[in-house]
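Pasting in a structure now, in structure tokens, and then I'll have a few things to ask.
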Amino acid sequence: MSHIVIDETRCKGCGLCTIACPRKLVAMSDTPNSMGYTVAVFCDAEKCTGCALCAEMCPDVAIAVFKDK
Amino acid sequence: MKQVFQKPESLKDVQTHFCPGCSHGSVHRLAAEAMDEFGIRAETIGVASVGCSVFLYSYFDVDVIEAPHGRAPAVATGAKRARPDRIVFTYQGDGDLAAIGTAEIIHAANRGEDITVIFVNNTTYGMTGGQMAPTTMVGQKTSTSPYGRDQNKDGYPIRMAELLAQLEGVGFSARVAVNSPKNVMQAKKLMKTAFQYQVEKKGFSFIEVLAVCPTNWGMSPLAANEHLGNEMIPYFPLGVYRNTSNL
Amino acid sequence: MSTKLFVKGNEAVAMAAIEAGCRYYFGYPITPQSDIPEYLSRELPPLGGEFIQAESEVAAINMLLGASATGVRCMTSSSGPGISLKQEGISFMAGSELPGVIVDIMRQGPGLGGIDASQADYWQATRGGGHGGYRIIVLAPSSVQEMYDLTMQAFDLSDIYRIPVMVLADSVIGQMKESIVANPRPVTELPAKDWAVRGRREGQSQNVVKSLKLGDGEMEAFHWKMHARYQELADKECRWEELQTDDATLVVTAFGSAARIARTAVAMAREEGLKVGLLRPITLFPFPQKAYTQLTRHCKRLLDIELNTGQMIDDVRLSVAKDAEVEFYGRPPGAGSLPTPEELLEQIKKHYS
């Protein structure tokens, strides 16, 4: 199943990934990381196509994308 | 299952000092991807400028020379002439390149130095606290233009990609933006073209990247990206302004 | 093999640079040093070197910085206003511990000044010149032969100590022709430039040439390291010439072109039976303090002669401390200001007792 993995230690909570996802599968959480940023979370693995637009928009290279063949 | 997106090898695995939403991270990644693409990491010399991008050496896994403010094109000229078999790029902000370093960029471009210049235009001096830059928009309030940039007193924002495209020494000049997935994909493509020019020894290449500075603009990252699209792109049109080798 | 030549001082500088292995020159035209870029623009390209006439002295010194950072030998030259513009880059090179040779054929100042012989920039050269608190090695040739020899040595000193080196002369030395022996480059053991930026090859660690030092204690440690290096220079690299100082009761001290005139005046004084000698610093930084210390054991009066209103005299006074009187005769720069040997002899007699 295509999915993304968000590296919470790198995420600065800017939210750019949330509007990049055409299916709105990334949302902001209330959970702060060690830097105090509330990080983005991946919501629904079922619908992810692995398009990587979220990762392309992430200024902190915090998202790894895995795609089903 | 295949990993289709990961950190490029030319970037170090560290967190940057950039503010949330700052475009520098994206521009760093695009440049690093281009280096990976051409397999030039081990032969690349970066020239850091003064401003938020001064820590180039902390993020790029390449050798780096730190230049005085605005002088990166001169430093890169010296490095490239001494080591013509290496890939030399500069990474400069708008104050650095389009104000204090105007002479250096124009003459390096005019000599057709075989270097790649990455120009990050976020219309402000980021590191010193959001002062007016040569690219600050007319009417834009900054910490040194509290009433907004007045074109009668402060002049107009400079369009560097178009200006440099007039010079015969320039091989490639383009302007891209990193405010939307579509623009990022185009920026990725043209960033590679900019490096391809040097890899194929086709002459001086220049890529201007419209970027956001949410902190100094006083906007959220999302609002800043929208602002870039609505206000900056109409004045700083995206496109390829010179491409002598049609790469 | 050594070759005998009859050349201008500025040409000797350019020839020595090539013999020293310098293949990269970056500069901008300014009188009275333009023979140097002219010579190198002709001679470097056939040797596979690079000559760039930069858009400004600011750009030229930063090209020097960039080339030096990759580990090659390189040089720039200028005068007065151009050297002022180079101070930014010299400070960055000092902060980045980069070698590089800067030739300053002094002219008059302040401002646009003029092009006649002058020693107006002793302070600027020996006090670092730019911001941040640093020193550079300063060599002061007094003949065309020394223009050749000291330029050659400048490259070695710069590589060994990782400090920019300035060759400081003026139009008297730069524009005159003398016969010289163009000695080949001596064999010197030099440290490997393992710090140089060359593009990191696989398995090699990243090299960074920079002057930004934000780490806790990093800047302070750098300054103490450089302080120790300056001390090492003072211990090992001071150069000076002494002429008939052994029995002298008055010693004239001067550098560069002023020392040439003083040498004739001292000879004239000796002919008249006066016990007068000459002490000529060749390294202005490190200043040959020990030469003065030794001298004051038997000589209690010095006459400092400069083509300015008194700059080196600061270092002379610091060197002799309270052990000798230091008199001064200066001719501030300007057309018609070059003193004759007779005028200097008059000053020698005035202070001779």
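Here the chain labels run A, B and C in written order, and each chain numbers its own residues starting at 1.
The criterion applied here is as follows: contacts are C-beta pairs under 8 Å (C-beta built on N, C-alpha and C of every residue); 3 or more make two chains touch, one makes a residue touch a chain.
All values derive from a computational prediction rather than experimental measurement.
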Shortest walk length in steps over touching chains, subunit A through to subunit C: 2
Contact-richer chain pair [B-C vs A-B]: B-C
Chain of greatest Cα-centre distance to subunit A: C
Chain centre separation in whole Å, for subunit C relative to subunit A (CA means): 60
For subunit B paired with subunit C, centre-to-centre distance based on mean C-alpha positions, whole Å: 40
Distance between chain centroids, defined by C-alpha means - subunit A, subunit B (Å): 26
Residues of subunit A touching subunit B in the complex: 9-10, 12-16, 19-20, 35, 37, 50, 52-53, 55-61, 63-69
Partner subunit A, residues of subunit B touching it in the complex: 1-8, 11, 15-16, 18-26, 29, 180-181, 184-185, 188, 214, 220-222, 225
Interface residues, subunit C side, partner subunit B - complex: 24, 26, 50, 52, 54-56, 58-60, 62-72, 74, 88-89, 92, 96, 197-202, 206-212
Touching residues on subunit B, where the partner in the complex is subunit C: 41-45, 47-48, 54, 57, 61-68, 71, 74-83, 86-87, 103-104, 106-107, 111
